[in-house]
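Both of the next two complexes hold subunit A, though its partner changes from subunit B to subunit C.
Now for the complex of A and B:
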């Protein structure tokens, strides 16, 4: 579903991403670990088409991002690190706006349903997003992905700045999404959350995916040791 | 997913998001009120002006027609007062009107200046500029558009929503046009009602003979403003898209505003005055005077300059003194003198007007890089408050003055005896019927075709700016950075 073939990106002489190979299947959650500047965000940006790779290819649902940018976007959803949304619009208005841009036309009931499924309590749905916490805004982001019926979901540091409860809720929603067949790529610094929610974990260093392992094969403590040793 | 539908959604969202921002509704209301106020005040001033002009004009005519029997040259010196009328659209854009004279005294031998401008008669406050609807639309609205538009893309980038927008399948051109149209919608909310009010005021105007022309002018002008506003919206959104931050975008746009509305106009004006310096009033008058002295004094029938004329007349008529001529000789000399002095004056006047036109050409050329100047000229031209309309009046007044002086000279030549020593002699007096026969002054305005010809460049420049920015937006928008 999310596939990278020898994906590389360099800025001038500076290598940001080097020959990345990756394949995330339906319903799989892949967590990317690594220091700032290791290439996690560049990887996501390549899949989103915000960064043109120097060589190699990024594919979503088999569609090349560089060759068919518009088509590839039909299958994906993205939640940036800071989901600010439009503060003067309510949660439901934000969702309606973004999903109609993607071509969907939902009734208010449906939209409410998506928000509720994402864990946003009913009472908050009609309030302006300006008063939301980061966790609440992220739930709207999830609802956007739900409404789009995205096959591939990209998350950049989704749990940074969330309190433990919100972080936990978020993990539950991700698991639910993966259960429904969504492939998820998340870049994170949260080793314990990665271990808990992801099926596979990759550690990046200087633009390369230096190790890749199954989450079940390792404990959180071992993962931390490995991470510290790798970087 | 339809492109237009996306543009529509983005426009609507920009509108809703801004309208929900605190203060936006108040601002829209305020600008509407300000425009309503200035249109109404402008209209009342115009009506009052026209009433005054017609009132005084009638009085002047009455006094002229009821002048007692007298020598025609005394009537030529009694003269005529002519008042400048304003075009029915003058309430919309005051243009140069307030700084141009309104009354001119017409008499034989002498071209007086048009006096009593509003600036002349009011205190220093006018120097700070008056508020006409035209000024608000040209100067204030751009500031408002820039204020509403500076963050329409940069804020999305800062808040991460730009990435979501792109991830949802929005493309660059859709983003820019959508946001620009949303901004345009906000912009229109401040001007549409005032435009309608302006249109209605045209129909309320007391003199309906120019209704067709003023409606045509109004529509062209409004179209010009609509193009100007669209250009502003595209500029604002474009700058927001290329700037690194919202703050940088705002700074750039305020800089553009200062450049467009203050710097370029002022600099082009100074350049015009430096490259084509105009003589002062005294210099102008004395150079006309110096040339006139060479032509002799027509008031003095014995002036040596007219000796040749006299000799040839005597020869042709086979007489040996001017008293024996079959017509009034001093009238003949004055007719000749009037012709010469008017020719001299007009040649100087034409040279002066040519200088003014050169100065204005510099400003007109500056409009290529400044759409503000283009709309300013167009608005003034269409409202009939520009220099061209004023010149048209001045030419008519001078033509009327010449007609008056020469008609009186003709009456003297044909009807006054040749042996009259003194103009107060009862036999040298004509009946007042002759005064009534002399037609009243009727001011005509430049026809629409001439105004459009004058404003051709303003229209062309606005159209080019719109085309240029549309292309620029198209070419650039594929390279908008998501972060």
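Now for the complex of A and C:
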């Protein structure tokens, strides 16, 4: 579902991504670990079409992002590290707006359903986003992704800054989505959560995927040791 | 989506305040226009009244000799102010609405007109064209400069781009609501103006409306172009404000300086001097050459002769006055042709500068520009000539004053014409807008936004 073939990106002489190969199947959660600047965000941006790869190809549901950016975007949803919304609109209005951008029109009931599912308390749904906390905005971001019913979900450090309870709820939603067949690529610094939620874990260094393993084969402590050794 | 974009637009206080300020400034300008109309109306009513009174009073004082009476009598020519001029006062506030002349030499009278408070001239009028040309663009800039950059800086851009296949229609709607809201204020103001100032719906008003709309669209097109480069908010704001300063302040002032340099008008001063010298010197000269010149100019008066034994006759006096005008004639022609050249030059240059083009066109259709003033000057000459030919025979043969029907000399009205050339009026806007939109489209394509 999410596939990279020899994906490379360099800015001037600086290599950000070097011949990355990766294949994430339906229902699979792939966690990317790595230091800042290792190439995790660049990888996600290549799939989102925000960044044009220097060479190689990024495919979503078999559709090349570079050649068919409009089509590939139909299949994906994205939750940035910090979900920023329109402060003058309420949570439910923001959700309605972003869904309409993707060409979807939901009834108010449905929209409320998505927000409740992502954990936003009902009393806050009609309040303006200007007064939301980071966690609340993050939940609206999740609802936007849920509403899009995407085949591929990209997450850039989605739990950074969330309290443990919110992080935990978030993991549950990811597992649920994966159960429904969504392929998920998640860049994160949170080794513990990566081990807990992901099926496969990749460690990136200087634009390359230097090790890749199944989450069941390793404990969180071992993973941490491996990570520290690798980078 | 459109509904939510509209909602988001109006929930931002700045947008509401901008629109309300625009509306208030516009309404104030209409009030200023209305006062201007009242003032000019008053001037012409009072002048008409005064002219009648003054003629009758003079007739009662000087009823013995036609020449003495005609030395004093003044006849006014009103430069008719269309109500549309209230929206674009132009040069109407420095040039007189009514000028009254005697049958004596014209040039000396031409520039002795009513006084205007120099303070008003210093500040200029905040008429509707001022609000349109200077204030509307600022609001347009403030609405549009961060069209994309506010999304980037507010962090919503990545989510927008990941959700929408192409964010272009989102951006178009976003710009669209700004265009519509500003145009709505403009049209409301013009509608209020139509009824409040009682402006007739004719081709001039239609041209005024179209030019105003085009001007607003021009600034939106420019803003669209600037945001298409996708720079940050402060860069966009700076770029647009620099454009505003150039288009509204520096370039118009530059054209003005250029005109003055290209067509200097020393004649303005020398005309008056030449004219005065022209006739004052006649007192000390033999009278025959003066009369010869007068007969050469107007052979129809050759039958009237100056009695040789007399030092003074009205025939000689008015012939000598006429000579003053003739001394200055070449200077006057030169002055007018240079003023005309300045006007033509600015009209040509204005093709490249939409702000100047707007001001000139609004003044043209409001009959408040230099062109109208030049036409009025010519009309005044014709009026003066007509008066002379009516009264000269009566003065020279000393017709009885009381036999003349004085009440028929009411205030004469000059109605200027201006034919709108639609191509010349609208083409500069269309050319610029098309160029900006095409350029912007290329930028968006390069950035792979569409």
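Odds and ends about this structure:
What we mean here is this: the second predicted complex is superposed on the first by the 231 of 231 C-alpha atoms of A that agree within 3 Å, B and C clash if a C-alpha of one lies under 4 Å from a C-alpha of the other, contacts with A are read in each partner's own complex, and residues count from 1 in each chain.
Simple rule for what comes next: a residue touches a chain if its C-beta (ideal position, glycine included) is under 8 Å from a C-beta of that chain, and two chains touch if they have at least 3 such contacts.
What you see is a predicted model, and the numbers here were worked out from it, not measured in a lab.
Partners subunit B and subunit C clash in the overlay (superposition on subunit A). In the superposition on chain A, no contact is made by A:31 with either subunit B or subunit C.
By the document's definition of touching, of the two partners only subunit C reaches A:52; subunit B does not. Of the two partner chains placed by the overlay, neither subunit B nor subunit C lies in contact with A:22.
Look at A:4: by the touch rule set out above, it reaches neither subunit B nor subunit C.
In the superposition on chain A, A:186 makes contact with neither subunit B nor subunit C. In the superposition on chain A, contact of A:98 is made with both subunit B and subunit C. In the superposition on chain A, no contact is made by A:177 with either subunit B or subunit C.
Annotation: subunit A residues 48-50, 70, 73-74, 76-78, 80, 82-86, 88-89, 93, 97-103, 141, 144, 148, 154 touch subunit B in one complex and subunit C in the other.
Across the interface of their complex, subunit B is touched by residues 45, 48-50, 70, 73-74, 76-86, 88-89, 93, 97-103, 128, 141, 144, 148, 154 of subunit A.
Across the complex, subunit A meets subunit C through its residues 48-50, 52, 69-71, 73-74, 76-78, 80, 82-86, 88-89, 93, 96-103, 141, 144, 148, 154. Per the touch definition, subunit C reaches subunit A in the complex via residues 1, 4-5, 7-8, 11-12, 154-156, 158-167, 170, 448.
Partner subunit A is touched in their complex by these residues of subunit B: 1, 6, 9-10, 13, 16-17, 20-21, 158-161, 163-171, 481-483.
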